[in-house]
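Which chain is which? They are A, B and C, in the order written, and residues in each are numbered from 1.
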Amino acid sequence: MTLLIPETYPKKLIDKNGKRLDGRALDELRPFKCKIGVLANAHGSAYVEHGKNKIYAGVYGPREVHPRHLARPDKGILRVYYRMSSFSVHERKSPAPNRREREISKIIEDALAPTLFLELYPNSAIEIFVQVIAADGGTRCASTTAASLALADAGLPLKSLVAGVAAGKVDGKIILDCGDIEDKAGQADIPAAIRMTDEEYTLLQFDGEMTPEELETAISYVKKGAREIFAKQTAAIKEKFERIRQETDAENKKIGKTDINPDDDMLGDEDSMDMPLELEKGLERVKEDKTKSSDKSSKPEKEVNTLKEESK
Amino acid sequence: MDTPQVISTVQKKYILDLLKKGKRIDGRQFLQFRDVKINADIIPKAEGSAEAYLGESFIITGIKYEIGAPFPDSPDEGVATCMTEFIPFASPMFESGPPDIEAVEVARVVDRGIRHGDCIQYKELCIVPGEHVYILFVDMYVMNYAGNLIDTGTISAMTALLSTKLPKAKMEDGKVVWDGKYMTIPINQIPLSITFGKIEDYIFIDPILDEELVMDGKLSFASNEKGQIVSMQKSGEATWSEEDVVKCSKIAVQKLNELRNTLNLRQYTPKL
Amino acid sequence: MTEANTDIRQIVVPGEILTEDSNFLPGRGAIRKGNKLISIYIGLKEVRGKYINVVPLRGKYRPEIGDKVIGKIVDITSVKWRVDINACDTGALKPKDSMDVYDKRSQRGRAKVSSRELEFEAMKKFGLGDMLIAKIVSVDRVSEPVITTVGESLGKITEGTIISVDVPKIPRIIGKKGSMIKLLKDLTTCRLFIAKNGLVWIRGVSPELENLCIEAIRKIEREAHTTGLTDRIQYYIQEKKQERGLK
């Protein structure tokens, strides 16, 4: 493919003031934004902008497995389809899936499976479609972030959200959140993603050269970055619903309704659908006797043994 | 429900009953487009790009280029080629895999609208006749399918083309190199498309998903600013009378002029 | 963190800590992790006595015996209909569970009809794309849910329109003791049936009133997590009726 302007990488990636190509400090995250519920037909969806990465994730499931012989009788299967749009990169990429995309799809599956209760969906599949529409380094990390949000948006029970971010090494220095050029021209690249409830790694790869001490620094940077991303994921989700509450508060005022008993008028457990989760390891459910539901300290019909630790 | 491809008999009856009363399920007039939302130049590494919503149908188009050889039968013309990909999250009906026949149809119909009617000035995309021309890739990705992808695709593709900034080429020592400047794609006439759906004898434009799934057929027209029809495509099993075709072609020109004025796509041309 | 009844139900996300007070027990939507309770959904945190629940805001329908659902026939085999009931698996409807066909047959004189022939006749009753109101008869982990159309107000739907709503919002569309659905019916004069699997059947006297009813339902869906909804819906419908000149 002949292009007129090649991709070029400057020799020095960190200037004499210790600033990176885009002016960031060594341990600084790129700008991050996200939104859920962006694709109308998908069961759950999310959109992430991480640096100049732009990524959509859409979830369907649980649904029937095609082809049927891949279905598992004991638990659901998770399938991720990570694809890059032809125009997402400098040199047009052929639309057909390549091996890199297939590898990354599997990596993301492994990053998210530990957050799902797959044993609840025998003979079914949960399918996540990730489409990178603009790429800027660290797409697999940002894709994992987006996919995790899409799963939550779909209302699937999840043990945790997952935040993805890479660390790297350029000009001998450890950096957080490699940009496109840092990724391609740097000395090492560590894509990672973290399950935020217990801060365990669910995605981890390494490419390049580092001493164990450097690796330790890099991993601590990843944690720092993941925490920031997670805070933004959480804020974005809550903001969506809070904004609607603000609008409706204003509307309530407008129609002159001020004496609202909050307990009285909201989606609540009393009337809610019984959507039972099976008692599985680590999972407990207590079913209240509905006739006593007006008694706020009502006891359950039967005692359930509480487990001290959640088994994974 | 996740099986829109199996048409609900009740919904079909409902749609037809409404048509008989002169109404549509989403409250639109028979000759009314859904709301259009456009954002251009959203993909940094694409030379041109646009996302377009027509109602809830959503397509992102990116324009990429390469320098290559022209077709033998048009040695002094650049080339533009359209591709459409349905992303599986766009609908529970879509499976992952190679583009199916519907996707191919959308690409080819949009392509036809762009190819004729004095749209892209292909001769100005020629660098050295017979040797080097610009080859443009118009790649449309369907992000959400809510009916009428042809019209959504045309709006998205045209906006993306108009927003394109190409590096200018020059010859130096027998090689094609960048001359340091940029150019826009020379476009004279902006074609837009309009799709008519037909259920029994009722004809309406811009079918929404439910209508598209139950309708007997559709007829798409593209027309340019000069009021010329530049492409037509009939699909589905319905038949169309001569009178219908003539009437629709006139409505097409008029409605598309209105739409073109409303959208004012030239505002997306980049300042160089 | 003390856990007196919070005034406004807090929005929580999966993995979020609901409490570190080990006196509380996990209810629906919450699990224990060490001495903490964490949420497994995006939803509303709710404290009821010793229990902390999280009410999810979205989610797929999980069939339960006795549920009344709206389904669509999506496949016909030689022995049953397969019905899309908006769940992970399609439901199975067997000819014997559209039983009234059998009843009629057996009343028609003493004709000896084989059960295969009865089945064959019964299979003509419903066709591809037909919408049904059905009841879940059985559900288990291994086989697909089984449904029946025999029973009061069950059977084929022949008129009206059907929309799909988020399953967890269904209780809010019904309202406490049916207060919201009554409001919708009274003010829009539409007939409504709200199925447990997220499908809502609507039949009104005019398309404008049907559309208004649908708009109100969409508003409930969007604002299910807010307070003062019932009054706002009442105001909304009355205002729109006035704006649009509807009675």
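The working rule: a residue touches a chain if its C-beta (ideal position, glycine included) is under 8 Å from a C-beta of that chain, and two chains touch if they have at least 3 such contacts.
It should be emphasised that the depicted structure is a prediction, and the values quoted were computed from it without experimental measurement.
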Contact graph of the chains (line, ring, star, complete, other): complete
Chain closest to the middle, measuring from C-alpha centroids that were averaged per chain: A
Centroid distance [mean C-alpha coordinates] between chain B and chain A, Å: 33
CA centroid of chain B to CA centroid of chain C, Å: 38
Interchain centroid distance [CA atoms averaged], chain A/chain C, Å: 29
Interface hub residues of chain B, defined as touching at least two other chains: 2
Set of chain A residues in contact with two or more other chains: 63
Shared-contact residues (touching 2 or more other chains) in chain C: none
Chain B contact footprint on chain C (complex, rising order): 72-74, 84, 86, 127-131, 157-162, 164, 199, 207, 211
Parts of chain A lying in touch with chain C, wherever the complex brings them together: 43-44, 61-64, 73, 115, 117, 121-124, 152-161, 195-198, 233-234, 237-238, 241-242, 244-245, 248-249, 251-252, 255, 257, 260, 262-277, 282-286, 288, 295-298, 300, 306-310
Complex contacts: residues of chain B adjacent to chain A: 2, 42-46, 49, 56, 58, 60, 62-68, 83, 85, 87-92, 95-96, 98, 137, 139, 141, 143-146, 167, 169, 176-178
Residues of chain C that touch chain A when the two form their complex: 5, 7-9, 11, 13-16, 25-29, 31-34, 38, 40-42, 44, 46, 48-51, 53, 55-60, 62, 64, 88-90, 141-142, 166-172, 174-176, 196, 222-232, 235
List of chain B residues in touch with chain C within their complex: 1-3, 6-14, 18, 21, 23, 25, 27
